[in-house]
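Here's the structure we're looking at; comments come further down.
The letters A, B, C and D name the chains in turn, as written, and every chain counts its residues from 1.
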Amino acid sequence: MRKGVIRPGHVEIRVLDIDEAVKHYVDLMGLIEMDRDDKGRVYLKAWTEVDKFSVVLREADEPGMDFMGFKCVSEEVVDQLRDQLLDFGLQVEDIPAGELKDCGRRVRFRAPTGHFFELFATKKQTGKWEIGNRNPEAWPRGLVGMAASRFDHCLLYGPNLSETLKLFREVLGFDLAEQVLAADGTRVAQFLTLSMKAHDVAFIHCDEPGKFHHASFFLETWHDVLKAADLLSMTDTSIDIGPTRHGLTHGQTIYFFDPSGNRNEVFAGGDYHYPDHPPVTWDAEELGKAIFYHDRVLNERFLTVLT
Amino acid sequence: MRKGVIRPGHVEIRVLDIDEAVKHYVDLMGLIEMDRDDKGRVYLKAWTEVDKFSVVLREADEPGMDFMGFKCVSEEVVDQLRDQLLDFGLQVEDIPAGELKDCGRRVRFRAPTGHFFELFATKKQTGKWEIGNRNPEAWPRGLVGMAASRFDHCLLYGPNLSETLKLFREVLGFDLAEQVLAADGTRVAQFLTLSMKAHDVAFIHCDEPGKFHHASFFLETWHDVLKAADLLSMTDTSIDIGPTRHGLTHGQTIYFFDPSGNRNEVFAGGDYHYPDHPPVTWDAEELGKAIFYHDRVLNERFLTVLT
Amino acid sequence: MRKGVIRPGHVEIRVLDIDEAVKHYVDLMGLIEMDRDDKGRVYLKAWTEVDKFSVVLREADEPGMDFMGFKCVSEEVVDQLRDQLLDFGLQVEDIPAGELKDCGRRVRFRAPTGHFFELFATKKQTGKWEIGNRNPEAWPRGLVGMAASRFDHCLLYGPNLSETLKLFREVLGFDLAEQVLAADGTRVAQFLTLSMKAHDVAFIHCDEPGKFHHASFFLETWHDVLKAADLLSMTDTSIDIGPTRHGLTHGQTIYFFDPSGNRNEVFAGGDYHYPDHPPVTWDAEELGKAIFYHDRVLNERFLTVLT
Amino acid sequence: MRKGVIRPGHVEIRVLDIDEAVKHYVDLMGLIEMDRDDKGRVYLKAWTEVDKFSVVLREADEPGMDFMGFKCVSEEVVDQLRDQLLDFGLQVEDIPAGELKDCGRRVRFRAPTGHFFELFATKKQTGKWEIGNRNPEAWPRGLVGMAASRFDHCLLYGPNLSETLKLFREVLGFDLAEQVLAADGTRVAQFLTLSMKAHDVAFIHCDEPGKFHHASFFLETWHDVLKAADLLSMTDTSIDIGPTRHGLTHGQTIYFFDPSGNRNEVFAGGDYHYPDHPPVTWDAEELGKAIFYHDRVLNERFLTVLT
C-alpha cells in the first residue's frame, strides 16, 4: 500500500445471460445481490466486504472481464496516481461518479497486457452483510452455496509482463510477491500484492492481449473448498480442476466455469507477504508444480481456455 | 458381522524392493514397522490398530497382493466357516500358526474373482501404538508422514462378481453396502462391509482374475488428505488422482503409487452402513461420478493400471 | 451386534413447550420434522438416517427422557430378547404397533439404572433425507443450523452399573468399549456399543435412578463443532462446555441445553471399537481428563445438572 | 503501514528457567531455535518468518515482557519516527546494532501504558525455515509440536489507553481495527493493526502499567488449534481457556501458560482489516462475549493473571 492503493475493489464481468449468471454467482457461489442499474447490470458483494459491491455482472455477446477496479485511500491519491499514469505514458479515461451506482468517479487506464483497470476512492459502505460492526456475530446465518467471503483477485493473461510489472510497482505501489521465470529470465508469471495477501492481481504471459483467466473468491477453510467442489457436482457445473493446492502462494483451490464460460476460483489459505520479503521465484520448468502442486502437470485448459 | 468375521486383519503386498517399500509405507504413509521374519517379510501396523500388524510386505519379482486376511471372533468361527467354504465348493488351504509371525493358523481360499483370502482368529495384540488402553492420550506424538490410522480395505478387480457376492454374503456374513449396476443388471462393482464401514472389501468387474487395484488406509480428516497430497509432492511420489471425493461411499480420498507400482489410497470420512440399510446403487452410466465425484469422469489409469 | 440389536433407533424426550422445542431441534440443531401424532408428539430425524424418525418430542410438565429404543434385525430377535429379558428377571411391557406412528410393536423394559429402554424391529424407512440411495449426492442442500447428521447415543445417570452392564452385554449383546473404575474397582462409568461406534449408550453412576444426562448427535467434523458453538452464541442458547475433546472416546464435542433444560451434545470424531478390543479403562482419579480432555477438571454442572 | 512500520518483528520474554522455557517454546510450540548470545539469551523463529528470529527468551527473576519490536521498511523511517516520538513527548533510547544478535540498531520508547517498544529496520534474513523462496514446498517436514507458523501479536495491560491510541495511530501509523468501549465512552480495549491482520498489538485497560497478558502465535487452521489443545494435555501444560473463538477478531484460539507463568496464545482464522474499514466496536457490557465468544463470560484469570 506504498502509494495509497488499498485493494481490489471490484471487477465487471461480461456474461451471456444475466439470469443464469445471477443464479450462478448468488445461489451457487453465495454472493449477495445488492442492486441493479438502468443498464441492467447486477451488483454483488461477498459477505465480509464493507463496501456495497465488488462484482458487477453485465450482459454482453462475449464473456470476459470489462475492467478491474482498485480502491484508493483518498481522492487525492486518485489524482496523484492519475498524473503518474499519464507520466508513465498511458492514457486515462475519467469516468464520472454514479456511472457505477453508489461509486465515485473512476480513473481508467489500459495496462500493457491489454487489460482495463480503474482507480477510485469512494464507494458507499453498507458494512459486513447482516453483521455490521457493533458487537458483530461470527458470521451471518443466511448464507447459501459456497458462501464466498470476499472477492480476492483476478488472474489475467497478456503480453508485456515486464512493463506491466514496472507500472504496478512504480506507479501503483504493488509488491512483487511471486513470479515464474524462464531460464533466460523471461517473465512467465507475476503475482502482485498491495498488502499481506499473496496476490491482488496476477498476470501470466500470453501473446494475445486482454484475456481473462479467472476471478477468485476467498473461502475460509479447505473444508469449504470441499463443500464448494461438492456443490459443483450437485449443480452439474463445469469444473476445471481441483480441489488441489497451488505451488504459487500455496493456496487451496478449485477452478470452475460460470454459465458464460468465465473461469472462477474459490480458494482458502495461501502464504502472506510483507514488503521486506524477497519475491518467491518458481522456475518455468517447474510450472506444472507451481500451478497445480499435487498433479505437478498443467492441463491444457489452464493455458488455453480464456475469455 | 453376522457370521463372526470382524474386519480386514491384514494384507500381504508384493514389492520389488523391500527397502524402498519400507521407506514408502513407514516414512511417507506413517505405518509403524513392528517386526521382520526369516523370509525377509516386514510387518507393519497403523497406530490405532490393537493387533500387532496389518500389512505384510514381501519382496518379489512382480507387484500385487498375495492375500487379504479377515479376523474372526474365535477359532470356532474359523472352523465353521472353513466347512461352509468347502460346502460352497471352494478349496481351502490350512496354513499353520506361526507362518505369519505372532499370528495363529489361517484358512485360505480363492474367491471366484481369483483373489486369495484368509480367515484367522488369533493374532498377538500389542495395543494402540504408544497409547495403550489405560487413560489413553488422544494420539501418539511420534507419528510421521501421513500418519495413516488404520488399514481399511482393498479394492480388487476380477470376474464373477455375482458368485463372489453370494460367497461374501452367505458364507462370510458381509453386507452389500453399495453397488454399480449396468442397465441390464450386470454387476459392475460391489462394496462389501462387515460392520459400519462403507466397505471392508470392494470388487470391480474385470475379465482378468486376481488383479489388485489398491489397499486403502484411513485418515482422520479432509485436512489430513491435503497434508497427504502435499507429502506426495514433496517426495516426488507418483500420484493417481486427488484430493477428491468418491461418489460411492462419499469418502474424501487421494490415490497414489508405491515404488513397485501398487496403488495406495488414503481417505477420510465416508458414509456408514447398518444391516437394515438397503444397498446404495449407482447406475453404470454414472460410473464417472460414482468413482470421482468432482471430476465426474474416470481417468484411464483407474480402469487399467492394476498389479 | 452379537444378539441382533443394531443401533439406537429413537429417543423420546420430554419438553416443557413443544413449539420452543421444535425451534431448537429443527432450526438450531438441523433435525428434520417428519410427522406429528394425535398426542401432539413431534417426530424428527437427522439427514443421514434411513428410518423415518429417531427423535420424538413430547410436551410434559418435567423435562427428561421417556425412553430410548434400540432397533433389532428382525421380529424374531425381538421375541428372543423378550424371553431373555424375562429370564434376567425384568418385567417387559408390550407396546402395540402404531403407538409410535409408522413404528412396529415395541418391547419395553426398565434397566437396573431406572431408565426405560425398548426393542423394536420395524419402522418405516424413508431413506436419507433428500438423498435417497440411487446415485446419491454427498449431502442435501437444504440443511439448516448445525445440520446434525444422526442421533448417536444417550448418556444416562443411575445406580446399579454392574447389573446393568451384565444386562447389556449378556442379554442385549453390547460390548464394553470404555469404562471408568475407582481404585477399589467400583464402576463409575461405562460406555457400551453395538458395533464400531465408541458408544451407543453410556452410564455414569448416580444414586438417583433414571436421570438423563444428554442425547448426542453426530457432526461430520471439528469444523462443524465450531460452527455449532457459534450458532449457540448467535441464538443465545445456554452452553454447558466446549468446544473441547473428551478423553473417553476422544470425540470432539460441545454440550448445551434445550429450552426445557435437557442437555444436548453434538460431536465429531471419536475412537472406533471392535469386539476383540479390550475395553479402554480410565482411572477415577483421572475422571476430569476422561470427561474433558483439555480442561482436565469437571465442572459441577456435568455431575449435577440432570433431567 | 501508513508510516513505514511493517509488522511485529520480535518480542523479548523473561523466563525463570531458560532450559524449561526452550523446551516449552521449541518442543511444544514448535518454534525453531536459531541462535544464542553471550548473555544467555535464546533466539527463536516460527517457520514462515523470513527474518532470522522473532522471539528472544531471557532468563530473569520475574516473568513478563521486556519489550516488543516493530520492523520498519528502512533506516530512514526509523529516523523519522524517532523524531516524531520525541515530538510526541516521549524519551527514546538508542540501542546499538548487534545488541540483539544479527539485528540492526533499535530505537526504544515507553508507551503511556508503561510497556517498552522498539523500532528497527535491519535484521538478518534467513528465509522461511527449510523452505526458502525458490520453488518452495508447502511446508517443511521437520516441524514438531504445535508447529506455530508466526509470531503474531501481543496483548498488553496498562493505563492511558487514549494517549496510547493517539501515539500508535498518529506517530506509528497503526489503524484501530477493534475496540471495547464503556457506555460513557471510556476505552476498555483497543486492537491495533499495521496491515490486514486483525491486530498487531492490543491493549486492555488496567491501572497497573506495563503488564503482559500474552504473546500470540498463528496456526493455520481450527484443526491445528485442536491438536495444540491435545498437546497441552499430553504435556500437562497449564491451560487457561479454549479451544474457543474470540468475539473480537473472531479468531479461533487457545490460551495456556509457559513454565514461568507467561500466557501464550495460539490461534487460527480471524477477521481482516483495511484502512477504509471503520473500527469494530464492542460494548463493555458485551465484554464476556467479545473475549470468549462461546462461553460469553470472562474467567477471573483473564483479567488478573498477568506477568
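Everything that follows uses one rule, which is that a contact is a pair of C-beta atoms (placed from the backbone, for glycine too) under 8 Å apart; a residue touches a chain by one contact, two chains touch by 3 or more.
Which protein is which chain? UniProt says A, B, C, D = Metapyrocatechase.
Please read all numbers here as calculations on a predicted model, not as lab measurements.
A.B. asks: If each step moves to a chain the current one touches, what is the fewest number of steps from subunit A to subunit C?
C.D. replies: 1
A.B. asks: From subunit A, how many touching-chain steps at minimum until you land on subunit D?
C.D. replies: The least step count works out to 1.
A.B. asks: Comparing B-D against C-D, which pair counts more contacting C-beta pairs?
C.D. replies: When B-D is set beside C-D, the one with more contacts is C-D.
A.B. asks: Rounded to the nearest whole Å, what is the centre-to-centre distance of subunit B and subunit C, using the mean of the C-alpha atoms as each centre?
C.D. replies: Taking the average C-alpha coordinate of subunit B and of subunit C, the gap between them is 31 Å.
A.B. asks: What whole-number Å value describes the gap between the mean CA coordinates of subunit C and subunit D?
C.D. replies: Roughly 44 Å separates the two chain centres.
A.B. asks: What whole-number Å value describes the gap between the mean CA coordinates of subunit B and subunit D?
C.D. replies: Here subunit B and subunit D have centroids separated by 48 Å.
A.B. asks: Note the residues in subunit C that touch 2 or more other chains, in rising order.
C.D. replies: Subunit C, residues with two or more chain partners: 138, 221-223, 230, 233, 245, 289, 293.
A.B. asks: What does subunit C use to touch subunit B in their complex?
C.D. replies: 1-2, 6-7, 48, 50-51, 71, 73, 125, 133-136, 138, 195-197, 220-222, 245, 247, 250, 269, 271-272, 274-283, 286, 289-290, 293
A.B. asks: With touch defined as at the start, can you tell me which subunit A residues reach subunit C in the complex?
C.D. replies: Residue list for subunit A touching subunit C: 137-139, 141, 221, 223, 230-231, 233-234.
A.B. asks: For the complex, give me every residue of subunit D touching subunit C.
C.D. replies: 222-223, 226, 229-230, 232-233, 239, 242-245, 252, 254, 289, 293-296
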